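Next come two complexes, and both contain subunit A; in the first it sits with subunit B, in the second with subunit C.
Now for the complex of A and B:
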């Protein structure tokens, strides 16, 4: 009975898929349940469903004010958004021309420079936190968002450069050359042909730079001291460690911090898929 | 005639490889020049040098009388068709065709008119709003040609433009390119390794090997009078047969081979005999060569016999390919021995492999009828024929 066998195989496959799905999603569902529950201490329940539905944790996180009555959440959301956007913008803006040069030209020291840039990726950024602290102190940029952007953009730059170089490598040189034969200068060929074709790759690179700045905690916590300068990860951490630790607040905060990234992924999904199949550019 | 393109002493090194070793070529306005040679002979590099995508290490390039040796591609007023087509993937067919004109900031109405003209010339009207990824290989190829035509350049460069098409389409586009050449009256420089394209398209052929020009001439002239063994073996399919022969008085001899030479031709004692598979006929008597058949390939309209020329398996002159009629191909079997009459033979020096001339025979007469001495210079027009 081949039909029966197909059915059994199908049921078994779906069972496995659901098993893995629950395994992966259970903790997240649990966080969602926690965020929408009442009270401070999580109840031990098997099913991730809140016993008393409530939005009190979201209210508390969003409406939190400091001693002077300033709206902290809005301030910190703005800080995070500004920092992450500026980081993505600066590192991509610097990486694009550099990556194009590494992709298209041969010059003295090319291999050495690439190896050097790769080497910087071996060390976690935290390892450099002490000298970075001193540098920012000297530049009077401690406890400022521009100082943080400087540090973030520097650390995302090598990755952005490698990512964009491989993007440019997948774009045939024939395209640049065709544009130059058609009457473009090298710069025009780059701006009018290579750059538009590389758009999906650039979008991915910018998204990764944005996310690494958005999620970064240790350097932000080290360099920022005033609460109104905090980025969201620091806020989040405060709910888990302060003497009045509130896991409900923590869960609600975690969801709020994840939302923008999820929205960005959704908006960029077309570019992402195109970027992952960048080889299709040819011809 | 105005000289449209002039190359003098072009040399180019890429990495440690010397790609071009002194190329001299004069192209007249409106000529269709085909650069042909095996891969790695430098033909594409030469084309790229003319385009300005490579700068030569030595030599001068003039286009339309203007020295462009150190000018960037955009100032050379050329149109180029790439092997990969290199269509701009983010632009529609219309925008691809208009790209060069838009860079020049031409009047939008004039651009649209030109795009329409080119599109109708190549049958692309229905495709103007599509993107390259939505086109078939043949359509992409047309757009690539259209993009070059739209600029109205005085010099067209083609870099193996048909190599990505299937055989049927290739033949079709080949004819179309020939038609375009007549219609546009433009000078064209065309790179290929395909000898059918080379023979059919060229006004003049340039055969390249290892960065040097081996021979320049009209296709049939180069085919009939190759200047050396390389050119002789490169053009023609299947390739020319070569056998080492000795001269005994007025006869050429080798195992299984005996050919009477006309009087008064100076040759070394030993040299290389070249015979094209198409220049032999099967005969029962008066054979120049005797061959033992190993394999027969029947193609319907003609057949090829592969085997060895020799007296018997122990005394062999060398491998040989002969064209046969279809009836012969059906009757003959492996191991059969046949006699062949060569209508045209080529003589090459054993040392430097230069041509020593070629001899023609009247069908079914043992007496040679004509001898052509080798061409004195690379581009000498027409070989001197001396009736005997």
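Now for the complex of A and C:
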């Protein structure tokens, strides 16, 4: 009875997914409940529902202005968007050719370099922010979004390289070699044949770079020195100071900060879903 | 055709190589307008910032009138980044002209040579401040700043909830505990922190440190205070696990008759709440020789001036302008504006003469005048960690007050050990130089080998593809990390660093002379970190891959929605969700315990035991991490050709065979680097441990990286020691990932022999 079996498998699949869905969404629902509550009432309860529905936290976060009466939220949203987009772009742009080379070529020092790249990810940055500050100072890039983009893009580079290299590794090299047999140069084969096939991997890598730039605040707060240059997570942090934690504002800010990433993921998932190499390998 | 290809290649490589450097060109052009611009940094919350801004505006207007226009650029810095930003900026001359901070950081700034003295006392400030507060800004006999405002804990009383009996003593509140309805606390008070409990210690006559910086919170007086805390908790006078945030929420929502909190609570209290400010309750029967008054610590918020080397006329003018602004803000005129507009409890005595009304602010000020300024001694900041841990141990019932305090004093002595003596760096320089020469020798010899030269020449085209990425990484990742690693050979603070050789490493690896597996020793923490990493990564991969496989079923109903929803944990900044989970694990008000009791279990004190606190961290981090593995797997799954499965099915393979023979091998190339990365990130997952368990109980859930951060930031900024920790973390990770196959070119099994590039 294959039909019944399919039905049971399907129900079981949904059940499992729902189990994890609850696990994944429960804390988020609490953040939402906090953001929409009036004040914050400590209560012991199971269901994350706002105690007294109110938009006051969103109002406070969105309408906040600085000393000159400038609308901070819009300004910082723009800074964050610009920084994160540029980071994703620069990071992926720099990583793609290098990752391709790591996947396809053998060269002197390759293994050492790869090992070194992984090594950069192992070093906690406890003592690195002051030297990084000095580097940016030398490049005259302190207090600029370009400087921040440069730091973010390079710090996401090792990961982007690894991610893209394994993406290229999953693309059979027959593909580029076939193109080269047909008369294309290495660059052409790479640009016309390999790159389009690697799109989903590139999308994930770009998304990752975007997100790490979008959420970072310690370096941003260290390198930027004017409120009009600040990014959104810095604004968010100002609701969680030592004594003065306003969790309602914090939650509302967190939702506003997370929303673009959620939208982005929704958009990018279509890119991922679009099956890719199935056709490529056959050819 | 040939030319266009050539051009295209050249252009592409040019663009790619230039990309990082284009950003340099767009660097900042310093705006220099007519008026002198000075920079002021602060870490105020929103309400207090308003008061400061209003006062600065008044200052600018007055300067304009006097014909010497000054522009003040105010920068609010998030509290978490304030200290590190000042430490990075001031030595490079990019710091502010003046900044605001609490006086308990003063000695650290002085020791690190980050600030300069206030200079000559202007006579117009005579009689402006309480000498006690000015004294708090003196260190080594020099005045370093001007006091702006005073903060201390006071008693907030909810008028509607307070019964018509006097509530003046701690005993009154204890009596109240039995009479209040369920869910209402007599006194919302964070007694488990050093700062929150200080008043009680003081009431019993105990003091934290003496003038020479010795730990003095020992003996019967301090023990009596701890016994009293135990009693307060046991009688239900104060809530368990009372954090500052819980205190605020309980009082603001009318669930506490009174609260012990500072002026920062007031702006969050809604208009419907009727409250007043009082001094803290007294002890009805004071111990012998004590008045019984509970006097909290006072912190003096002051304006300080970064040290710098004056370079010219411009600097002199800026220094003068900064000084003028500081005097204006601190003295009565500016203070009045700050009080009226930002609710600052201003330090200026004269300002209060012009402030009628402001009943509550006056009450704050009265309390502040009685309070004991926190000792300025730099070792005061190191009292907090050990004493916090002692109090929590006593409140959990793990230790009696006496032994707990003795343990705290040992910990204090250990953490405040003087830095190792300076060593002669010549030996290291000679060693380093000879090592370099040896390397150089081998490199030259290799270069002279003709066969190697051929290989190298053939590698050249490949270098064109990777050079830009490697240069950028070297400049902005490797170089800063390398410099950071070098500081591990130094000890001291700020600019005051001296070379100590391997002393930091020896200290760490010998567990600071204590048992090798004693609490907080490198080896014990390493063990916890390894356990933490293995459990996390295993759960990440199992959950992530399972979900990806479930989601990859092509005809799954609601698939796109599931996929987006399951990814959400990854979309929210992890510091937000870490804080949310921490709230959910609260003993009394957390949702996790609410669920547990709804299905019939006993509520759990999550942070009271290692096993549960570790589990809480683990749950949080599994929640944070599984979407990443899921997405990577999903991406990799789409690249597995469908016909492989079709062919296998034709051959009669079971789904189980398909999974192990097709899916797993095909997922490997994408998953292995992800797992390695995931392991590395988890090993260094600072945010979760720091924000969820914060090392509780008693530092047992600390992992290596959070331990390093404690040395860098809360244990007296021992940056060299913290750097040595991070180098050791690096070494451990490097050695343990050495054997991992991602370096082993296992991708060769894709079928071809790799040739050298012929691009």
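Everything that follows uses one rule, which is that the second predicted complex is superposed on the first by the 229 of 283 C-alpha atoms of A that agree within 3 Å, B and C clash if a C-alpha of one lies under 4 Å from a C-alpha of the other, contacts with A are read in each partner's own complex, and residues count from 1 in each chain.
One rule holds in what follows: a contact is a pair of C-beta atoms (placed from the backbone, for glycine too) under 8 Å apart; a residue touches a chain by one contact, two chains touch by 3 or more.
These numbers come from a predicted model, not from an experiment.
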Touched partner set for A:166, first subunit B, second subunit C, both or neither
second
Subunit B versus subunit C as contact partner of A:179, first or second or both or neither
first
Once chain A of both complexes is superposed, is A:196 in touch with subunit B (first), subunit C (second), both, or neither?
first
Of subunit B and subunit C, the partner touching more residues of subunit A is C
Output check: A:119 vs subunit B and subunit C. Expected answer is one of first, second, both, neither. What do you get?
second
Which holds for A:188: it touches subunit B only (first), subunit C only (second), both, or neither?
both
Tell me the contact category for A:151 with respect to subunit B and subunit C: first, second, both or neither.
second
Those residues of subunit A which subunit B touches in one complex and subunit C touches in the other
172, 174, 185, 188, 281-282
Hey, which residues of subunit A end up touching subunit B in the complex?
172, 174-175, 177-185, 188, 192-193, 196-197, 199, 280-283
Where on subunit B is subunit A touching in the complex?
51-53, 72-74, 76, 78-80, 82-90, 99-100, 103-104, 132-133, 140, 147, 151
